[in-house]
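A, B and C label the chains in the order they appear, each numbered from 1.
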Amino acid sequence: MNSLKRLAPQLITLAVIILLNYLVFPDFFNIKIANGKFYGSLIDVLNRGAPVALLAIGMTLVIATKGIDLSVGAMMAICGAVAASTVDSGGSVYLALSLALLAGVICGAWNGVLVAFLNIQPIISTLILMVAGRGIAQLITKGAILTFTDPGLIFIGSGSVFSIPTPILIWIFAGISVTFIVRKTALGMLIEAIGINQRASSFSGINARVLLIMVYVVSGLCAAMAGTIAAADIRGADANNSGLWLELDAILAVVIGGTSLLGGRFTLIGSLIGAMIIQSINTGILLSGFPPEFNLIIKAAIIVIVLIIQSPALKAHYQTYRDTKKPPEPAPAPSSRTTS
Amino acid sequence: MQFKKLLIGSAILASTSLMATSAFALTVGFSQIGSESGWRAAETAVTLKEAKERGITLKFADAQQKQENQIKALRSFIAQGVDAILVAPVVATGWDSVLKEVQEAKIPLILLDRTIDAPDSLYLTAVTADFIHEGNIAGDWLVNAVGNKECKVVELQGTTGSAPAIERKKGFEQSIAKGANIKIIRSQTADFTRTKGKEVMESFLKAENGGKDICALYAHNDDMAVGAIQSIKEAGLKPGTDILVISIDAVPDIFTALEAGEANATVELTPNMAGPAFDALEAFLKDGTLPPKWIQSPSRLYTQADDAKAIYNQKKGLGY
Amino acid sequence: MLNSSLLVATNIDKNFPGVKALSQVNFTLQAGQIHALLGENGAGKSTLIKCLTGAYRRDGGDILLLGKNINPKDTLDAQKLGIGTVYQEVNLLGNLSVAENMMIGRQPMRWGMINVKEMNRYSKALLSQYGLEIDTSLLLSSYSIGVQQIIAIARAVDLSGKVLILDEPTASLDSAEVKMLFGILRKLKDRGLGIVFISHFLDQVFDISDQITVLRNGQLIESVATDEIDSIDLVTMMLGYELGEENKTKHYNHSQGEPLLSFTDFGKRQKINPFNLNIAKGEVVGIAGLLGSGRTETAETLFGVTAHDSGVAKLQDKVIDLSTPRAAIANRFGFCPEDRKNDGIIGDLSVRENIILALQAQRGWAKPLPLSEQKKLCEHYIKALDIRPTDPEKPIRLLSGGNQQKVILARWLATNPQFLILDEPTRGIDVGAHAEIIRLIESLCDKGMSLLVISSELDELVAYSHRVIVVREHQHVAEIIGADISTDNIINAIAANSVEPEYVLKGAI
């Protein structure tokens, strides 16, 4: 399949990193059932990667329009706080989820209006909520970690369906349904069009404003799901730390996944693989037992290597190298990225 | 006209507060860092409470994590002619010049819960906890609890490079070094947060034979312990029994865990830094008694033997 | 020849995936020669230039500069060797001063700082050699494209000094500016520079060049001295076939029925003064005027790109909203803009997606056009408009200008418009595509579509217009109808001095 070929560098990278994990921790692939759900390091990667994967879905669409959403981490904190305070004050889990998602929609619409109607650059527009959002979340939790015991809400974070942890199901479901929606409707193409050339798009009659608001709302919704999962996971809304710096991981996931920060062509599946690559690195570092002082250095080094392997410049060199008809070299992954 | 009246009014106000340098009608300025954690909110609440009980008028200024706001607050305290100043400094450096201004205004200044890089002649005293001591207490508890048995410990560190993380680790290691039976087998940072505490503990459990090889968890704060307790439970083990849980801070949520038997011990980082500070201040203003340059706040150990529920309720009232 | 060979390229090959862009091409440039490089778009002119300047790596062949084998790694390297290039879109920075643009990367330093004074003086002195007495401390963007072009040439000559390559230098210049440019080129030629000149304007080629080299489909067709060839032969060489009678004037019986569209007092402050315009079904209205006269502004106001602030528009007596492109499209308007790259194509999207874009936007995102129907549409238009390459999944940015234009036309035709605005539909495209687009305009109006066509090519306007509106100084100043339409009349109207509207309201309103 064509898209499979396009995602080859990402898939190869993921496989290599998982292989590295296996080398530092031979039990990596062991999966058993504990407390009625799957349990193992591989499951941890899928489970812990849920927030970044969800954020990456919304972030991909935003980046495809040539925008960026720095506020997703703060929106996570807000929506987690909304969910927690709803059950804390006696609301049902359904109300909590609805309100959390609504909060995400409102936050996203705010970003979208700033970008689409006031023409403020996305990085500035979303910076406002990035800074103010944690303050709002703190107002909701009144400065403390708002703990709750509602089993329904906790289920979102640490429950399971058919032995599969809920967060994994949520991000996979969100990934599939968003992919389905944007690719089975014309949404994907229209989003790409405004990301590539907004002026020409509006000359063709595309309603760029509505689409822009839409992608920021989707980003808000994804952040709401991620924030609810993060809060449910620790049974408390931590306004200070929920989703802290995750906007950067989400952007990184999108970039590793093969979507250009310049907008245009995007791949949601690639971004989800990107999120899993990042989480595999994180989990691998924890399993390796290196002193924590090395965490960030190891992560940065691996990411640099990943990005170098995927860089168009290296691809061009590889191409000329192959064209000279020498025996194909084994090392660099043939990055058949770029638009097709 | 109006302006002139105002001037006179404020002059009178200032002079009265200057004259009132006796023990019964003190005005104290308090520059707090902000409200970034429950503990800090509690510190603010306790400080207000202590002041009220002692009949001290407290002027409170929230710096919102910015040193420039603290410096502004200090200057405004000088202008208002307060009798003393309490500062919880947000950073360690850059205090010399403003502290000199405070000194020139002859206002005693006490540092709360953090120290700074400045000559100690610039302030009256500093009331802080001793993080190494906290680590000692936690370690001593574990040494007593396991006796001569082999015990493999996993450690959740605070933010890499932060003073509490370094010193709590050091103190704990000092205590367990007394015997050869307790060993730290894994140590990783979890950034003082619940989320990371849970995630890192998950990987510890997997890396150490599903957790069966782990005898105890030592977390540099309660939040990480609370997160870790959940992942121990999800792994099918009993925290507090299968794996002993020791942490530091004594925030309310750890008492819930203590009550449920899921945590074993916590060392309190008291939010009451103001109490000892006011004691020292009152003694100084009364007869010029100079306090030591460092007052160590008490670090109390809580275990399952304490009335966890009562402490939880009492603590919860403080705004944690 | 008396002149020594300055630059000799032999047997140049260049392949792109699936395409042989250059095949065994030879090219010889003498010192003191202006050498025109001609060919349709896609013939390989740009590729050859890029191989010479190191922008592309050639796959085969040799390049000798003054008898020495050279192998430029990139354009900077070529510049150091002595080969400078000036592109159609001036590749300078509008937000820097003229002097900074000229001296960028080699600013005179004093005490570790840029010596702005010396920089301004040097660049001013340099430009005065080109007959340009301007304040070099002002922003580049404050000067006209023509002046910017000369600045770019001055910079390129100053940096390289042996070979100067000009890619479509006159495309955006008016005739006075072209004259000035040619004066400069002749001076540079006398100084012994070798100049490669690429242009679509054959009269200019005959005017300025000494030698002409024609490429077609990546192959060298012929290289001849300019005075040994006439234009008919040249066009034949370029196209590979005789142009024939494509450009025959075709007048029609002006049977103006009920107007389809009527615009009354329609205008936008600072863009175009209020005008009246009626357009009948199947009528082609041409708009003529100099650059900046208000012709593009007329089109953009009609299409809602800049919303009109006076007047009303009626479609068969019904008032319609034209405040945004979307609103205009809802009334079955279409608009092919002048600036194809920035306003027309969505570069990274495929030809297929570009074709269905307007139709899809009209249907809304929730109702996607089924892929089978998309393919059918594309197949139809690729065939009907002879779009090449025929692969609908190729990104449109890889197509030549003429083919991009056809795709954008297809985009609008797919929406079945009743009124189509074409702003400079033949600008920058090769002669073959030119003729096809003219033919298309005629067949569209035969089918009953109304068209408004803006063009600088007056003979084109004469060929297909039923009526020509002349625009000057943001005002519609004249209307030429039927048999009166001729290039002479249009030029007279454009050049007339009086701003007073000599608005002959024949049939209008």
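In this section, a residue touches a chain if its C-beta (ideal position, glycine included) is under 8 Å from a C-beta of that chain, and two chains touch if they have at least 3 such contacts.
In this text, all values refer to a predicted model and were calculated from it rather than measured experimentally.
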Item to complete: Using mean Cα positions, find the chain sitting nearest the overall protein centre.
Response: A
Worksheet item: Farthest from chain B in C-alpha centre terms, which chain would that be?
Response: C
Worksheet entry | Geometric centre distance via CA averages, chain C-chain A, whole Å | 43
Fill in: chain A-chain B separation of Cα centroids, rounded to whole Å
35
Worksheet entry | Separation of chain B from chain C, taking each centre as the mean of its C-alpha atoms, in whole Å | 71
Worksheet item: What residues in chain A touch two or more of the other chains?
Response: none
Fill in: chain A-facing residues of chain B, complex
35-38, 41, 157, 160-161, 186-189, 191, 193-200, 202-204, 206-207, 223, 226-227, 230, 233-236, 253, 256, 319-320
Worksheet entry | Complex contacts: residues of chain C adjacent to chain A | 57, 303, 305, 325-326, 329, 335, 337, 342-349, 353, 357-358, 360-369, 393, 395, 411
Worksheet item: Along chain A, where are the residues that touch chain C in the complex?
Response: 184-187, 189-190, 192-193, 196-197, 199-207, 211, 264-265, 320, 339-340
Worksheet, complete the sentence: The chain A residues in contact with chain B across the complex are 25, 27, 34-35, 39-41, 44, 48, 138, 142-145, 147, 158, 230, 233-236, 238, 240-242, 244, 282-283, 286-287, 289, 291-293, 295
